[in-house]
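Each of the two complexes below includes chain A, the first together with chain B, the second together with chain C.
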Partner chain A sequence: MCLAEAVAVAALLAADPAFDAIVTSATSTSHEQALARMQEWVDAHPGDPESARALVWMARLRRSDGRDEAARALLERALREGPGTEWALHAEKALGDLDLEAHRYAPAIARYDHLAGLPAPLWRYVGSSAAGHARGERTRFRILIAILAALAALSLARVIRAGGPRSLWPPPAELLWLLPVLLVLLAAAAAQEAPEARAVVSLSLGGAALLWLNGAWLRARPPRRMALPALLGLGQALALLYCAMVWNGLWDKLVDTIAMGAQ
Partner chain B sequence: MRAAPWLAFCVAYLAAWFVSTAIPVPLLWHLPVERRFTFVVHPLGLGADFYGRLLLCLGAGAVAFVLARAALPKLRPGLIPLLLVWTCGLLLFTGGLYVYTLASRQPIPAPLPAGYVPR
Partner chain C sequence: MTDSRDERPRILGVRFGVNPNSSSLGVDVTFLLFGGALAVATSIVLGAWLRSRGKKAEQVGQ
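And now, the complex of A and B:
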């Protein structure tokens, strides 16, 4: 999608035939070749107001290759070289997106708020909606950190009270019983897209860790009533599901799926 | 302990069924219209993967059976309940996957063959 966006962005205002040729070549040649040709174009046109557009295009191509730091350098250069242009605003939005993905919420929100304060209605809308989304992400991330801290503290306290790490061996029956299900889940993750695969792996490994810790605790200190440990285990499983969704950026997808259905 | 190899067979059979459904793997497909078999991930036309998947899972189960039978003298009696739990767990899990997959499926009828005349 980033490549398609990059081509579309360049095609919007393309005027120089050489620029056009480089952009269209990105679909047939390697990204490295297209980027090298665009770099030559930028170097050959010092001070050209269109160079910021070229840098934004290059940054989006870098992002589509997963090279976010290289994209960041190009976007910062676009901001420096095209102040006051449309492309500086595109660069600012893209820098905010990079900060958001890296969980740097304050700089991302500051960039989006700056865009929301512009007089142009389009950028006001883009900035305000992105800022609202980033604030939601920040809240969910803080909840995730609190949940992880609570799970870690509970697990540590239980291991200590159960007699230390030796209480974890041998692995409890709770883990052994569900081991094949966790293993086939891990295998199935190989067929998913990257965020979904990471979420399934997080759930499988996190579930294995929780089963191990809870099973060892119940073995060391058998409870009189099982209702409370069962409820706590259910809560831990839901917390793990929340963490896997938020950490892997699947929260919006989950909300959309609930609102609009799987199709 | 004689049940151990058969339970190992069930575990491997069900695990192969789940994994081969969740991951696109090449299978033997029966093409009923063309009346032939083909070995692909997914054929373009109308095809049934049942026979190929059955063969794959029987093969996986047979390997587990042979391995468990060879290791029979070393197996502990406590392994039987564990294998039974694994079998039940995988059966429920694989069944759940198929219920989920089939519940949301909307069948699209294949086009009638060229030259077909309804009687």
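And now, the complex of A and C:
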């Protein structure tokens, strides 16, 4: 939980008793009921400056349920209905986060930069650190796209030079050797958290594709020297690992793991 | 009469090097990701080596 979220949660719990009762009733089994009750509270308090706070809270609940588009609509409404309030700033930060997760970097950075330009030290800090993080994410995402394009171009050129798609069949020995290991990786992914599981699955499937394409190419045109194909293979495996980490949003965790060690 | 040592709170276990607030990857995920990438790289390198040996053997055979 980041600083802005912690402040938001603390402030939400400092509301009036009716508001508090709705907030504290939102257990994981009653999100829809809690949202309906809060909607009633909003409808019963037209023009209330606290309605933006209610909308931000509802958006937070929607996000926890994975309904990002519903959360976006609520946050945009909070921006419209609570201009100049603290809750409009929370809504702006949350909208920036949604844009960032959807790889819409320019609008996310614009929102964060707006927050960084505010006079309040908290929002200056939140905005500037989020903007710096978003810029890093944008650079990593561009590198990921360039890597994927390079891998696709290399694979396509090799398949064409090897004689077309027929050169891919039967699957090469490289893939058959490692298939049991890749299947174990896929099975082990089931026990992980969602982003980590997606990264392991991406690595397993991408690894199978790399082994298939490299094996078919080397079978069709055996190399005289192993140095170049081996170096290219190493580079492709590293690129695959990078893509699996960045695509699934694990880059920051990887940096922390290198700095502090694995948990 | 109970032994006073039994009533004292006891430390049941100690794990060194673990930060409960850490945002690092777990050991198992780190092993799966890096081990998987290493296995893929090793297979490609091994395949290149064996196939280049096969090519040389063919050339010597001619």
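Just so it is clear, the second predicted complex is superposed on the first by the 247 of 263 C-alpha atoms of A that agree within 3 Å, B and C clash if a C-alpha of one lies under 4 Å from a C-alpha of the other, contacts with A are read in each partner's own complex, and residues count from 1 in each chain.
Going forward, a contact is a pair of C-beta atoms (placed from the backbone, for glycine too) under 8 Å apart; a residue touches a chain by one contact, two chains touch by 3 or more.
As the structure is a computational prediction, the values presented were derived from the model and not from experiment.
In the superposition on chain A, A:L241 contacts chain C only, with no contact to chain B.
Look at A:L178: by the touch rule set out above, it reaches both chain B and chain C.
In the superposed model, A:A21 lies in contact with neither chain B nor chain C.
Once the two complexes are laid over each other on the shared chain, residue contacts for A:L218 go to chain C alone; chain B is not touched. Between chain B and chain C, C contacts the larger number of chain A residues.
By the touch criterion defined above, A:A190 lies against chain B but remains apart from chain C after alignment on the C-alpha atoms of chain A. Comparing which residues of chain A touch chain B with which touch chain C, the overlap comprises 173, 177-178, 181, 188, 191, 262-263.
On the chain C side of its complex with chain A, the touching residues are 17-19, 22-30, 32-34, 36-41, 43-49, 51-52, 54-56. Interface residues of chain A facing chain C in the complex, by the touch rule stated above, are 172-174, 177-178, 181-182, 185, 188-189, 191-192, 196, 199-200, 203-204, 207, 210-211, 214-215, 218-219, 222-226, 229-230, 233-234, 236-238, 240-241, 244-245, 250, 252-254, 256-257, 260-263.
Chain B contributes residues 11, 15, 18-19, 22-24, 82, 85-86, 89-90, 93, 104 to its touches with chain A in the complex.
Interface residues of chain A, counted against chain B in their complex, comprise 173, 176-181, 183-184, 187-188, 190-191, 262-263.
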